[in-house]
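Shared chain: chain A. Partners: chain B in the first complex, chain C in the second.
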Partner chain A sequence: MSNDIEATIRNIDNVAIIDIKGDVTAVTGEAIEEAYQEVSLAGSTKILLVFDQACYINSGGIAILIGIVSESQENKQIIRITGLSEHFHKIFDMVGLTRYTDIFPSEAAALQGF
Partner chain B sequence: MPDNMPHTTEPSSTDAEHSQRELERRIFHLKTLYDVSQGIGSLRDPQQIMKNLLLMVIGTFGALKGVAFLVDVQQGRIAAVTQRSMGRTALAELQQSIEAGYFDELKGVTDIQQVGKKLSALLADAQLQVWLPFVVNENFQGGIGLGAKMLGDPYTPDDRELLSTLANQLTIALDNALAYMEIQQLNVGLEATVQERTAELRGALEQLTEVNQQLELHNRFIRETFGRYLSNEVVASLLESPTGLQLGGEKRHVTILMSDLRGFTSLAGRLAPEQVVIIINRYLGAMVDVILQYEGTINEFIGDAILVIFGAPLWSQDHAPRAVACAVAMQLAMAAVNTQNRHDGLPEVEMGIGVNTGEVVVGNLGSHKRTKYGIVGTHVNLTGRIESYTVGGQILISEATLHEVGPILRVAQQMKIEAKGIDGPITLYDVRGIGGEHNLLLPEGEETFILLHERIHLRYTFLEGKYLSGAVYTGSLVKLSFKGGEIHSDTPVAPWSDLKIQLINLDGQPIPGHLYGKVMRQFSEGPRGFAVHFTSMAPEVTTFFQSLLVMGAAH
Partner chain C sequence: MELEKSFELHIPSVLGFEKVVVDFAASVGKTVHLPAERIEDLKTAVAEACINAIEHGNKMKPGTKVSISFTIEESKLQVAVQDEGMGIGQITPPSIEHTIAARKERPRGWGIFLIKNLMDEVEFETHPGGWNVVRMVIRLQEE
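Entry: the complex of A and B
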C-alpha cells in the first residue's frame, strides 16, 4: 500500500468530479474527505468519484467513503462512483455502499443523465 | 460425461453466487485483519490507533456509524476517543458521564464482562447494534460500538467473532502504545531528572569553581605571604591543610630566633655600597638556606638582622630544639660566608644569635591595604634583648628555651643579666651545640691571649643602645687576642656592657680608628679589670692589633 493519494477536482456540466489516484485507506482517505468538503462548500449537489482502476481500497478507505455517502444523504447530494475494478465493485456491494450510491462502468456513463 | 461417473448435484447458480460472495467476504475480512495488524501495530499514538481501527471496522462491516473510546479509569478521563457519524451529543454525553465518575467502580477491574456491562449501559441510547468492550490493563478500559449496517442486516456471530479478533489486536496495539508512552513519560521524567541533576551538578561545579578560586586566592596568599620565607615542605603542608592555619590571629607557644651581624653598621659605613650589598646578600642567602632547612618561618629582615619563628604558622612540637639547631647551623655556615668574603677581599663578619621560647600572638598584622603574617609579644622583645647581648659567633638562649630543648643542649656558660624592660634578672645560656638528631657543635677554638709587652692605654665609654653614656673612663689593654682582650680599669664594669674604646699611643695621642667591644666577664681576683670581646674595629686598629700580635708571637 502506498501512502500517496491524489484527489483532484474538476467540474463538468454542474458535476463535481473528484479523480482519485492512489490507495484509499484510513490514513489517505482524508484527502478524499477534504475534496468532498471542498465541492460541498462550493455548492455541488452532483458529485462523481472517479477511481483509478489500479488503486487499492481497504476497509479503512471504505469507511471513509461510507462517511462521505452518509453525509451526502444529509446534504441532499447525489454521489456516483466509477472506475472501480470488478473486485472492489463486489466489495462495495458487499458492505452496502451500492445501496446508497450508483456505480457506473465509465465516467461518460456516470455523467449521462446526472 | 461418462455414464459410469457418479452424478453430482450441481449447485444452483444462486448457491454458487452466495458461496462466491461468502468467500469474497471472508477474504475481505482476512484482508482487513491483515491491514489492521499492519496498520495499527506500528502506531504509538492511542488516538491514532483507535481512529484507524474504527475506520477499518466500520469499512469491514459497512456500518453507518461507530465509536471507539479508551478510558483511563484511574484518572477518570477519556484517554482516546474516535467516532464516525455519532453526532456531537452522543460524544458529549459519553465525556460527561466519564468525568462524572461513571467509571469509578471499574477502577482496577479487569473482568471484561463487568466492564462491558457498564459500558453498554452507558451507551444504551446511542442506538449501537453491536458493542464490544475491551480491557487493556487495570487502568485502561474501552469499547467499540457500531451502528446499523448499510445493508440493514443484523450482525452475525461471525461478525462478532471478527470484531472480537479485531478488538484483541486493538488491545495489543494499545497496550504497546501505552507502555511506549509510559516509557516516554519515564524518559521525560528521567530527562527532567537528568536536567535537574545536571543543573544541580552545574551549580555544584560553579560552587566548586568558586571554592577553588577562593582556595587558589588563599593558596596564592599563602605562597605570597610565606613562599619566600618558608621551606617548600612547609608551604606544601599549609596548602594541604589550610584549616590548620589560622591567620586571623592566635596565641602560640613558639621559639623565636633573632640574628644580627655584630658591628656591621659601622663596617658598612666604611665600605662601598656595592660591597655592603654583596656581604649582606651573601650572608642572608646563606642564612635563609639554613633557616628553611630547619623549617623556620622567616618573619622579617631588618637590615642585617633576621627574625625567625619556629612553631608558626605551622605548628610543630619540636620548635625549640629546631630553633637552637638552626642557630648552631647558622653559626657554622658563617665560616663559608667569611671564606668567600676573604676570597673577594671583603672583611669577615660575625653574627650573634638570640633564641627565646614563649607565648606570642601570631597572625595577619597590618592594615587592609597591606597585611603581613607577623608576631608580637614581650617574648619577641626579649629575644631582641638576648640577641643584643651576644658577641660574634655566639648563641645565647633564654631559660625557657633551655628547658624546652632539654638535656640534648650543650651549654658553655650561663650568665645573669638585667635587661631593659624586663623585670628582674634573666639567665642566659651560651650554647655550644645540640645533640640528639641534630648533633651539631660549634668549634671549640680556645682563644689565645698574648700578654702585651707594653700595655696600651685607652679610654672607654659605655654604649646604651646606640647612644654613648657620656662618661669617659680610662684603662689599659694588657692582653690581646684576635677577638678580644683584657683591660685593667678601676671602674667597675658590668658583664655584657657594650663599650666604645679609644686606644692611646705612647705619645698620649689617640690611635685612629674606632673599636667596640662587649664585656664578657669581670676579673674576680688580681688587678681590677675585665675581659672584652671586640665587636667592631676600624681597619687601622686591626692593622695595629695584628702588628702587636705578630710581635707578641715573635716574643
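Entry: the complex of A and C
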C-alpha cells in the first residue's frame, strides 16, 4: 500500500506555506509534523497549510493536525488552511479544528490580510 | 417486493487495505444513488471502522482478517465491519479543547467519533469468544 506524501515548504512574504500532496494518515502525517517543526524553528508565526482537493485524510491524520494546532496555540502561531474538499471542511468543523484555525476557499483568499 | 443484496469483502490486517474497501463502498453508494456528500460520509465511516478493526481489534497480527459486509435493503444500506479481536473497551469521547489544554500530542478516539457523527445508526457488539463488529446504517433517500 502506498504511503506517499509530500509536504514542501515555501514562503510568501512572512507566511510559511506547507503544500501537502497525498494521503494524510498517522504514518504519512509525520511529514507534515516535520515541515511544521521546520517552519517553527525558522521562527514563522503565520503558517498556511495547503491541502490537495483529492487527498484522503483519516482519523490518524486528523490527530496529527490537532497536535500541530495544539502546539501552534502554545507557540502563539496562526494557522490557516486551504485546499480542502467540502467533505473534509465538514470533518474539520466536526472535530473542532475550525475553532482554532480558519479555512479559506483559495490560497489567494488565505493570504489576504494574513 | 423487498430488494436485498449483500456483498462481502475480507482484507488482511494491514493499514492501507482499508482504501480498497473505501473504493468498494463508493461504488455501492453510487449503485444505490446516494448523493455525493453521503458517499463521502460513507467512505470516511467505512475507512475508520476498518482502521479500528485492523489497529485495535486485530492489533495488526499477521494472518488475521477484517470482514466487511454491505447489505442493501429497500430503505437503507447497512455496513458491518468485523474483526477477530477481544474488544477495546470503553473509549472516552475525544475533545479538542481537552487535547489543547492537556498538550496531548496524538489524541485518539476520533475514528469512532467520526463514525457516530457521519452515519444514521451505529451499533457496536463485542463477543466474549473474540470478535467485535460495528454495524453502520445509512438511510437511502426516497425517490
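Definition applied: the second predicted complex is superposed on the first by the 112 of 114 C-alpha atoms of A that agree within 3 Å, B and C clash if a C-alpha of one lies under 4 Å from a C-alpha of the other, contacts with A are read in each partner's own complex, and residues count from 1 in each chain.
We adopt the following convention: contacts are C-beta pairs under 8 Å (C-beta built on N, C-alpha and C of every residue); 3 or more make two chains touch, one makes a residue touch a chain.
Here the structure is a predicted model, which is why all the values come from computation and not from measurement.
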Room on chain A for both chain B and chain C (clash or fit): clash
First, second, both or neither for A:I78, with chain B first and chain C second: neither
First, second, both or neither for A:L97, with chain B first and chain C second: both
Touching partner for A:L111 - first (chain B), second (chain C), both, neither: neither
Touching partner for A:I64 - first (chain B), second (chain C), both, neither: both
Chain B versus chain C as contact partner of A:V27, first or second or both or neither: both
Chain C clash site on chain B (candidates 6-14, 60-68 or 546-554): 60-68
Footprint overlap on chain A, where chain B in one structure and chain C in the other make contact: 1, 25-27, 58-60, 62-64, 66-67, 70, 91, 94-97, 99-100
Complex contacts: residues of chain A adjacent to chain B: 1, 25-27, 29, 58-64, 66-67, 70-71, 90-91, 94-97, 99-100
Residues of chain A that touch chain C when the two form their complex: 1-3, 25-27, 56, 58-60, 62-64, 66-67, 69-70, 73-74, 85-87, 91, 94-97, 99-100
Interfacial residue positions of chain C with respect to chain A in the complex: 14-19, 22, 37, 40-41, 44, 47-48, 51, 94-97, 99-100, 103-108, 110-111, 113-114, 117
Chain B - residues contacting chain A, complex: 21, 24-25, 28, 31-32, 35, 39, 51-52, 54-65, 84-85, 149-152
